[in-house]
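Note that the chains take the letters A, B, C, D, E and F in the order they are written out, and that residue 1 is the start of every chain.
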Amino acid sequence: MQEATADLFGRAGYRIKFNQRSYYPTIDDERIDCLLIRAQEMARYVEQGALDCGLTGYDWIMETGADVHEVAELVFSKVSRRPVRWVLCVPESSPVRTVKDLEGKRIATEAVGLTQRYLKEHGVSAHVEFSWGATEVKPPKLVDAIVEVTETGSSLRANDLRIVDEVLQSTPRLIANHKAYADPVKREIIDDMALMLGGAMAAEGKVGLMMNVPRASLKTVIALLPALQKPTISNLSDEKWCDVNTILDETVVRRIIPRLKEAGARGIVEYPLNKVID
Amino acid sequence: MQEATADLFGRAGYRIKFNQRSYYPTIDDERIDCLLIRAQEMARYVEQGALDCGLTGYDWIMETGADVHEVAELVFSKVSRRPVRWVLCVPESSPVRTVKDLEGKRIATEAVGLTQRYLKEHGVSAHVEFSWGATEVKPPKLVDAIVEVTETGSSLRANDLRIVDEVLQSTPRLIANHKAYADPVKREIIDDMALMLGGAMAAEGKVGLMMNVPRASLKTVIALLPALQKPTISNLSDEKWCDVNTILDETVVRRIIPRLKEAGARGIVEYPLNKVID
Amino acid sequence: MQEATADLFGRAGYRIKFNQRSYYPTIDDERIDCLLIRAQEMARYVEQGALDCGLTGYDWIMETGADVHEVAELVFSKVSRRPVRWVLCVPESSPVRTVKDLEGKRIATEAVGLTQRYLKEHGVSAHVEFSWGATEVKPPKLVDAIVEVTETGSSLRANDLRIVDEVLQSTPRLIANHKAYADPVKREIIDDMALMLGGAMAAEGKVGLMMNVPRASLKTVIALLPALQKPTISNLSDEKWCDVNTILDETVVRRIIPRLKEAGARGIVEYPLNKVID
Amino acid sequence: MQEATADLFGRAGYRIKFNQRSYYPTIDDERIDCLLIRAQEMARYVEQGALDCGLTGYDWIMETGADVHEVAELVFSKVSRRPVRWVLCVPESSPVRTVKDLEGKRIATEAVGLTQRYLKEHGVSAHVEFSWGATEVKPPKLVDAIVEVTETGSSLRANDLRIVDEVLQSTPRLIANHKAYADPVKREIIDDMALMLGGAMAAEGKVGLMMNVPRASLKTVIALLPALQKPTISNLSDEKWCDVNTILDETVVRRIIPRLKEAGARGIVEYPLNKVID
Amino acid sequence: MQEATADLFGRAGYRIKFNQRSYYPTIDDERIDCLLIRAQEMARYVEQGALDCGLTGYDWIMETGADVHEVAELVFSKVSRRPVRWVLCVPESSPVRTVKDLEGKRIATEAVGLTQRYLKEHGVSAHVEFSWGATEVKPPKLVDAIVEVTETGSSLRANDLRIVDEVLQSTPRLIANHKAYADPVKREIIDDMALMLGGAMAAEGKVGLMMNVPRASLKTVIALLPALQKPTISNLSDEKWCDVNTILDETVVRRIIPRLKEAGARGIVEYPLNKVID
Amino acid sequence: MQEATADLFGRAGYRIKFNQRSYYPTIDDERIDCLLIRAQEMARYVEQGALDCGLTGYDWIMETGADVHEVAELVFSKVSRRPVRWVLCVPESSPVRTVKDLEGKRIATEAVGLTQRYLKEHGVSAHVEFSWGATEVKPPKLVDAIVEVTETGSSLRANDLRIVDEVLQSTPRLIANHKAYADPVKREIIDDMALMLGGAMAAEGKVGLMMNVPRASLKTVIALLPALQKPTISNLSDEKWCDVNTILDETVVRRIIPRLKEAGARGIVEYPLNKVID
């Protein structure tokens, strides 16, 4: 997490430097002090005001029930990065089919609060116990079911677990303490950070594409580009050609480039991006 | 922990094999099934009877308040291996001098139960919150004090923390479920394991020493050896000499060998040991 | 190989994800199923139709004699990436000077088919045996000569081997099963992939260069750029200057930039590329 | 393999030193020259006389059909070290139940010779193709069945394969060229090596146990020790006690020590061994 | 150092390849031969003419007193990369306050020449001894003071040392032998290299920024950009908009982008650079 | 070096613990303070009295000309551990054949003092310059010859260097300051340490061997054992047999064991040793 966070901030333009054995990284903005704490505890300390703002997941905001301001949801444009899911699981061979079947059973989870609220919503009474780790190996020997976070489901499959229900979906959030966010100076710093983090995340799955297009083919070429992204069309010295420069999702590039070439585009060049802010 | 535990069992004569990504290691004793779970949760699952016996620390038995049978305390003979200590710490610059000064303060700890009991014993009322990790970096920004485990104190010093009081000392324990331990078959297996683990730990800081000693010098030589360990004295073909074989603490060897040589011992050989059972 | 291939496809715009211990990587194109197999076996399985298309070397197509369609030769623009060569080698001190001198000798190689065909072409009869690896250490103790693949020749030199003849040069090829390639839907997918792989490889040794040039110096600047790459010349608001944007081989940049600066170019910026498609 | 072999020879008393990038390790016995080659090729080169003796598996002797002298089978005393098995496998869901069902099918294996002989013995005609690796991922997409080596079966299970039949069991063998073994000087060197390798392997799963036993309890103690291993009983200066020193399998120690203590043995010490030669 | 240097040259456009165990790396410019030697010795060998040019620090040019031509100072644009400093240090608890207090004392340093010259300038006579390493742990047990190089001062703090004075600041320099630099052919090669190294270093802390700007907002947008960097403004097909492309310090981007967006810029894209040559 | 030294002391019975980033390791003997400094500087600081005793090489004692007391030469019994040699080397193709041919030449070395003394003894006048490292790559481009330390000569061969002469042989030495060694308390500590270090080094290449021997064969068996090491012969309960226990060089074991078995020895067991003190 630490590296991923520093990397994200780095791409957003903030240079965070971790000092060995210290949880107080330095950042190259003299207006900001950093503190590295677990996602699980972030919302609690932002709510208390010990911290002005923090990065955590929607799941831990819910688990702690902290009253904080959500500045931004950080949605990744990369297809492979999906929200994490908290799911209710039982062993493949378990007779449990729905949450109702868990009445009186034992459930292990790292998110006791989330799980108790979920059971209550479904009118189920069960014993929920805090799991210090390796939750997915506990059923059926130690508990009947678990509520666990998953991205791809591969760890669940490896432990022969079956998903009974989804308890919560969660994405990363930039959160702020209400009082801090009311202060205009702090608010500008936090909003700028949200804009830059958003720009860096938006750039993750995007690339720049520039090409020379005969004026005669310009309409055809433009029609091939996704409607949402307005390309920049520049005049060239050679008046029969123009230069088209646009931003595309990485995943569509491989389908569009062959069509652009067929439509007459030449000198097609794809280049990497750091940030994209619409 | 996993490697250290497998290594200890290995020296005790049980071959435990961890399979990648599995928490069910295999052991070369068909009467035993293994499960790898955290020290924090061991006492709970042994008490519930999900497990017959387990290895954990005295601290986590106390924290969970589990009602289990303590089969053996595993004391290391190595000097460098001391009990771990749970200590109450505050920042160096804090005005707090005794636990009494913590009235109304905020304390972070991984051992909420231990801490609450300790405060109650001292008649102090304070807010104790569960810490998911990196507890030692929290004061003074996030909390006023912490209760944390320490071996050498180096992490505390690195974070400018001062120890106010010791809350608990803890050593490893082999624990058993009461009902399982009442079963004679299970009890023998568990008691044998305790004996073998104890033998392996006793051997850790010990070495064997054998030497040829002129009969004339035997008394002097014996006098140099620590009184507690009775040496084995064998007759040799050459009747003017005998063979002395003994077990010594590694730390005294370097002071005794030069004196043994002065006293006439020859062919002094030090050899390693796997287990020592008195 | 696995990482290099995933990296090449990644730069081509296909996200391949290897799952630990699985040879069925996932790809972010729902029309495609991936299977990871050795270059040596690829042509065989494409010919049999078990696979529609594959990436392998010309050498293994020849070795297996598989009847497949070569969609594209993947030529790297980087100078340091040359074709691999299969060479006939003998110890430095061997009397063998030409392939003719190998009559009746023993030759070890991983490419038995290639070697036998080569010997037949030269009218030489020798014993060719399959080598499971470490072929270059076998002469002269175990065999008289070897036919081995080499890139830089350093492993041959380290084993005191002398190259007698080149048996084959090989570059990577995208190959397709004849029947699959006749299917228009599959063909488009394969051809698009060939175009994108080609674009990614072409970009490997290239960079983008943009600069501001006084209109008066434009001819001189254009003359300095390699003739083959037509630069994009844009009009600027300031009519005395124009913007020149071009793609260059990385290896010529260091000779051209100093000359461009002398010729009046300013604000010269070199930027990285992902793909180049002419 | 390289490290394991050097380690085995090291414990046998031969110091083999691998030089980086060289396949000619040095050994601290001036009468011996070493060459590191794959197990697959060892029997072939020993048969040809390029090497006087070698270490390989019974499987590769069979696969190559080499006519060599088997000096010794190297059997490990450790329980966890079992012979490797070559097994015929098909996908879990395959209709194939016995080798007979493979008539006309396609089989991939690294051991083409073994497989063809096995099929012939069962009167089955099938296409056997050489596999360059990752054989276990090939069914059912690329082939119908495989013949593959396995120790624990975990790789087979991970690829959803079912064992249809065992083709061969194999253990390590020290083999010699017939002519070399007829030479008395070479034979002594080879036989000594076999003895020492055997001694090192025998020691792998064994430990030494010494203890002081009251003469009165000697019979009881001796009765507890496995009959096959005759213990060494020494007289002590103190005539009421004697010293018992014996060699035991590591796996029985944990059951015997508690009983020895009950029987009156004191100062029980277990120590490690390098070699055991009966 | 080796990797950092190869990386810098790589970004400058020279591909240097280190061969394992060789100090003669290859470079993809047939006019240049490379030799890898320590910064401490570079100036000496360039002065002697054994090398035509080299990369070293100002400190080692001074220490050796070598008479060489300084072609370029390589200044990093990254804020985090500051000149290294040679400082005179004593233990925190030492009574020494200024260099004058060191009369007759013992000083350890790797730069004996620098230190002796510095003491002479201050009229101090002290014993200076060469330190082979770990200089910072020597006071106060082994010496009274040290002269040591430091970047962040963290190693000094860790060893309880206090800086008394700064002896020298040093940055990397490209140096040339006088005679070699007088040769026009060599001079052009060296000057080109200086230009390219400078361009690569300038690009380190910079990024490209392009955006579409309504003509009406162009003035406001331009005013937000740092005055020193003249942006490239291109005409677009849509005459109400223009394209602004500029180079910025990475550290100012996060403050400027939010303001640019407020001023009306759209489609703001930040992209990475390889080289910047003004 | 650090690890090897800690390991040697560990086997000698002193537990040294290195703290990360500290050059003051702790040792489990409260009478001793440790300081980790380079071999090159050890003799200097022991002579000055900053340290009472130290471990260094004979070479650095000679190089610095320090006046210290040599307590013990630490000779390894392992064949593979030979003294290091300082040798005068020139390129293979150099016309230099003897030291006399170096008149007026340039020589690089880390041991300037040793080299100058050696040249003086041979009446040769040459320029000797201090080398900061990688000395062996300097000839012939940077210097004419080097004086360099070597163990196996492999680095010299890799750099195409030829040995002209041996300048010095060097083994590790335990040295003491004259004044400290005159103090009886310090002397005993130092002498004990020398004895224990010697015992640990002697054990390095030795093993223990015990066996049961029929009394009738005892003479034959004893005759097979190396004369220098007097074996311990114990009486057994079974009077027809005796127990022979001896210490042997690891390298002779593999030749002796087969002969011992032929002579009637049974239950031959080889076991490892920690220390051997005659």
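In this text, contacts are C-beta pairs under 8 Å (C-beta built on N, C-alpha and C of every residue); 3 or more make two chains touch, one makes a residue touch a chain.
For clarity, every value in this text was computed on a predicted model and none was experimentally measured.
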What is the minimum number of touch steps required to go from chain B to chain E? 2
Tell me, please, which chain's centre (mean of its C-alpha atoms) is farthest from the centre of chain A? F
Counting only C-alpha atoms to place each centre, which chain is farthest from chain E? D
Type of chain C:chain D copy interface by residue overlap (half), same or different: same
Rounded to the nearest 5 degrees, how far is chain B rotated relative to chain D when their C-alpha atoms are superposed? 120
State the pair with the higher C-beta contact count; candidates are A-B and C-E. C-E
Distance-wise, how many Å sit between the C-alpha centres of chain D and chain F, to the nearest whole number? 37
Separation of chain E from chain F, taking each centre as the mean of its C-alpha atoms, in whole Å: 43
On a C-alpha centroid basis, what's the spacing between chain A and chain F, in Å? 59
Residues of chain A touching at least two other chains: 234-235, 271-272
With chains as vertices joined when they touch, what's the shape: line, ring, star, complete or other? other
Could you list each pair of chains that touch one another? A-B, A-C, A-E, B-D, B-F, C-D, C-E, D-F, E-F
As the complex stands, chain D meets chain B at residues 79-80, 154, 207, 210, 212, 234-238, 243, 250-251, 253-255, 257-258, 261, 266-272
Chain A contacts chain E in the complex at 12-15, 17, 28-29, 191-193, 195-196, 199, 203, 208, 230, 232-235, 242, 245, 247, 271-278
Within the complex, chain D is touched by chain C residues 21-24, 35-38, 40-41, 44-45, 50, 129, 131-134, 137-138, 141-142, 158
